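Presented sequentially are two complexes of subunit A, the first with subunit B as partner and the second with subunit C.
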Partner chain A sequence: MANSDPPLLSVRELTVTFDAFTAVDRVSFDLHEGQTLAVVGESGSGKSVTALSIMRLVELGTRGRITGGEILFRLPDGAVIDLIQQSESVMRDMRGNNISMIFQEPLTSLNPVYTVGNQVAEAVMLHQGLDRAEAMDRALEVFELVRIPEARQRLGEYPHQLSGGMRQRVMIAMALSCDPTVLIADEPTTALDVTIQAQILGLMRELQNETNAAVIIITHDMGVVAEVADDVVVMNQSRVVEQGSVYDIFERPAEPYTRALLASVPQLGSMAGRDEPARFDLVGEA
Partner chain B sequence: MTGVDTTPSTPASGAEDRTPLVVVDDLCKVFPVADRAKIHAVEHVSLQVDRGETLAVVGESGCGKSTLAHLIIRLLDPTGGRIVLDGADITDLSARAMRPHRQKMQIVFQDPFASLDPRRTVGRAVGEPLRVHKVASGNELEERVANLFERVGLERQHARQFPHQFSGGQRQRICIARALALEPELVIADEAVSALDVSIQAQVINLMMDLQAEMGLSYLFISHDLAVVERISHRVAVMYLGQIVELGPRSAIFENPQHSYTKRLLEAVPIADPRRRHHRPLLTDEIPSPRWGPGEAPERVELAEVEPGHFVGVEAPTG
Partner chain C sequence: MTDVMMPDQQELVPAGRDAWRMFLRNRAAVAGLIMFFGILFMTFFGPMLYDEDPNDIVARPFLEPGTEGAPAMGTDYLGRDVLAGVINGGSTTLTVAAIAAVMIVAIGVTIGALAGFYGGTVDTVLMRFTEFFQVLPALLFAMVVVTLFEPSARTISIAIGLVLWPSLARLTRAEFLRLRNLEFVKAARAIGSTDLRIISRVIFPNALPPLIVSTTLVMGAAILFEAGLAFLGLGDPNTLSWGLMIGLNRGNFLNAWWTVTFPGLAIFITVLSFSLIGDGLQDAFNPKLRGR
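Right, the complex of A and B next:
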């Protein structure tokens, strides 16, 4: 992807407050077609609030207020709109169709009393105006897209009948069901076992090649960042500390915070040839 | 001994106590569930923890690693096998008879908020084992609590505060202080650093290593995180479906893994280096369940010693 293309999404000076607390402080970054951008940070850094603000979900059900900045989104016809200025009814149409989101815990995002096929079909009916039979066909199509084995049979199962990994596949299928141009994944593999996480990361990369969607992945895990991201935004205490290509961030981190964060990441293989356990070499530790 | 002898084959030498601190022999735990089915959570596990060493037990959800920890500390009763702590068989001891042995082993859990009473000062929490075991009282108790706070990198004044006044990392330090109050020989860490932010996690791991060096502690370190385990452990046991499939020195497990499951686990770990990005095949295998129907039972994994101290589960040839 050439970064000279106009960005699909451009977050500029975004500021979000919760009463007196500034959770996101003048955050800016661009997202281009086909790009995977990781927003990485520790608890309370503002990374999830940033994601919820792009979806305009931060003002629903929380005391969060977007108090400044722009979130410029390029529609398929080329027109650019500021999501912050859109009404809730416009946003309802944008969510799912243009931008969709997957969350950490698929079990709380799925309704336990409907089959997973019904839930995916409902999203498609709502957003794309298909009838039930067409919507079920689309659900089957996206189940196969995310490589759910025995997809037709799984459509009729309930969330509790699926493993955590399969439920996350259902969530990804649902998020992709309306062909969004931007997919936001908030800690999509954090609740999964490591072998299942590897499958989901591999799947997300493959799907990106197939659909050319732009992906924002919100994570605390530098390993996940290194595996999937093209570019990285490092956040700490509500602000962007540093941003750059994944190679810049891992190999030439400019900011002390980024260097400290990387120094505290346990690296598989870093202990090769040593018999005894070894402390982390932490910056500023007595 | 019914299980395979997984004793490291280092000869005893020197004056220090070379007898293992914990010996677990052929330990089993079966939970009956609905429809006459059974969860074989821990199956024929034999291992030992040496004095001053960290033995890590790794595996994915449902592999039995936490059940194993809870069996060893006698929070659960085993359905078979023996547990020997510092030379004494504690497998069948009553709660009262366990008391003197409890001082020798303590546990630290994953969630430090759930492990601390929100209405009591953290000083009270840390002093509680000393009061319960009547080890100290009055000014002596207060002084020992203050020392414990300093030992884990907190300040003595912190003892007067309440759990909500601390960050997650500080709360886990408080739980470690409480675990150390009775000067145990074994600390079981059950995913003790898993919920912490990575910079805080590194600090707590460093603290655990420092305490081990100072006090000669042994750790049974239960974790799903292989990168953390590589950092902290001397030896590693890999569990799968209730059984140990590989056990050996840290370097053997990480640099020369033999069992197919160990290899799969290691390959799955995301590496924080974009130049070592994996090219992953698109698999959809699921983690199998340890639930067995009536009349079914898991096949026992036999361990073979492939090099000194390195035991590998014998696998049926695939085809």
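Right, the complex of A and C next:
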């Protein structure tokens, strides 16, 4: 890890509240170029809200308010800005361009009434000032980048004509279409079946090597963490409980919560010696 | 990539030929379309083919169709040709309905979209405004507007537009409420789309099918409204319309059925054609039905 560089994204004491409820409580972490950071935690631990706050999307259409902290982002020209202080129009220019996001549900993240090629081209046109034909060229390029077979033909298809894995590839293509420096993936594989999960994770890993984007991957799945992350932030009840490199977290989890999270993954071989299927132990019985 | 076939350049899902194919599959819709074109043809070319002035007295009053010397649809209480009236009365009715529909869609969709998309205070204010128009007795309000101003086709269109937009506004709002929290709207924000873009290019096309159906129904309602106003004597007395014909002849319905039945039939067919077309468009705009 080239941790000597100044961080690309630095979240400092971020606090987000929904009315009286504090969804994110003084969360801090750094993200460096080329790094994959996993934010792990159970449902409701504040990990998605953290991601939406970085995009400054948490305040749009919800009751969420960022009430404290700063989110320092290093622009390609080296200037560092605090995203929390930026106007909505500055943020609009950043979204998709500097920071992109992939959502959990590839089935519903694509607009059903446009062809997927159109949607990717749309994102390109928004930020790069290309005309439609040039944007379509770029869409084809990113489709090939994310290994969509018969990419040219796929450009003209509608979301409902594609499988879940293909749709998630389209989402990734859309997110990468403007060469963002930070990519936030909010549970990118949760809605996919296991074999497709492995493909998408492998793809994300390859793409990261090719584009050198920094990736924040939000997940509750420790298996995903082990496969893709360099560093891990463990969140529980709105707070960061532990952070460190993926080796430290897996080898020497310091916090009881992290250990509990790790223990919750069913282990291959735990059935060794039994001949018949067995049910999970009830809580407290183990 | 110059020689490559571009995927549909069209923005909307009803990618031309596909949508058309789905529309054609709905037999009733095709029938509606044929009826509508029939009405249009009659309105625009009828006066040339059947060269009879609807205001001329051509024969004895109350000649039943089929009797000797009677025109095809008989004559009314002044001896005017009913067929000529039906042919020439359509243009007023259709113009009024078209202008009213444009107004209804413009006001209804704008207000409904803003209310549904922004929610909160914007929604409350706009919906109270909508409700104000909704609780007005529609026909009475339209009558007042027409009475206060001159009873011209324009005034009548505006009056109809003013009373009929709330239903479309509420429907648009409901659709926007449903759609605005979906993932693809979030995704559109995440690529940096502006509110205007999200409203017009992301959510609106998804809200179209029910809106189109509703618009065709509302056009039917506008035609009935125009007829109703004319029937009550509030239409432009110098411009012939189907409603006016029914209004003028209503006292003779029991002894001369043809004087009101034929203009009534024209209204019925026009309204029915709009409903059937709306139904067909609903199929055509649904991408999930495509490719079957």
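The rule is short, and it goes like this: the second predicted complex is superposed on the first by the 267 of 286 C-alpha atoms of A that agree within 3 Å, B and C clash if a C-alpha of one lies under 4 Å from a C-alpha of the other, contacts with A are read in each partner's own complex, and residues count from 1 in each chain.
Everything below uses one rule, namely that contacts are C-beta pairs under 8 Å (C-beta built on N, C-alpha and C of every residue); 3 or more make two chains touch, one makes a residue touch a chain.
Fair warning: this is a prediction, and the values are worked out from it, not measured in the lab.
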item	value
First, second, both or neither for A:112, with subunit B first and subunit C second	second
First, second, both or neither for A:140, with subunit B first and subunit C second	second
Touched partner set for A:208, first subunit B, second subunit C, both or neither	neither
Touching partner for A:224 - first (subunit B), second (subunit C), both, neither	first
Subunit B versus subunit C as contact partner of A:127, first or second or both or neither	second
Partner chain in contact with A:55 - subunit B first, subunit C second, else both or neither	second
Which of subunit B and subunit C A:270 touches, first, second, both or neither	first
Shared subunit A surface residues [contacts with subunit B and with subunit C]	none
Interface residues, subunit A side, partner subunit B - complex	42-43, 147-149, 163-166, 193-199, 201-203, 205-206, 220-227, 229, 246-247, 250, 260-280, 282, 285
In the complex, subunit A residues that touch subunit C	55, 57, 60-61, 91-97, 100-101, 103-105, 108-115, 117-118, 122-123, 126-127, 132-133, 136-137, 140, 152, 155-158, 160-161, 171, 174-175
Subunit C - residues contacting subunit A, complex	1, 4, 6-9, 11-13, 15, 119, 180-184, 186-194, 201-202, 205-206, 208, 287-288, 290-291
Interface residues, subunit B side, partner subunit A - complex	54, 60-61, 168, 197-199, 201-203, 205-206, 209-210, 224-228, 230-234, 249-251, 254-255, 264-278, 280-287
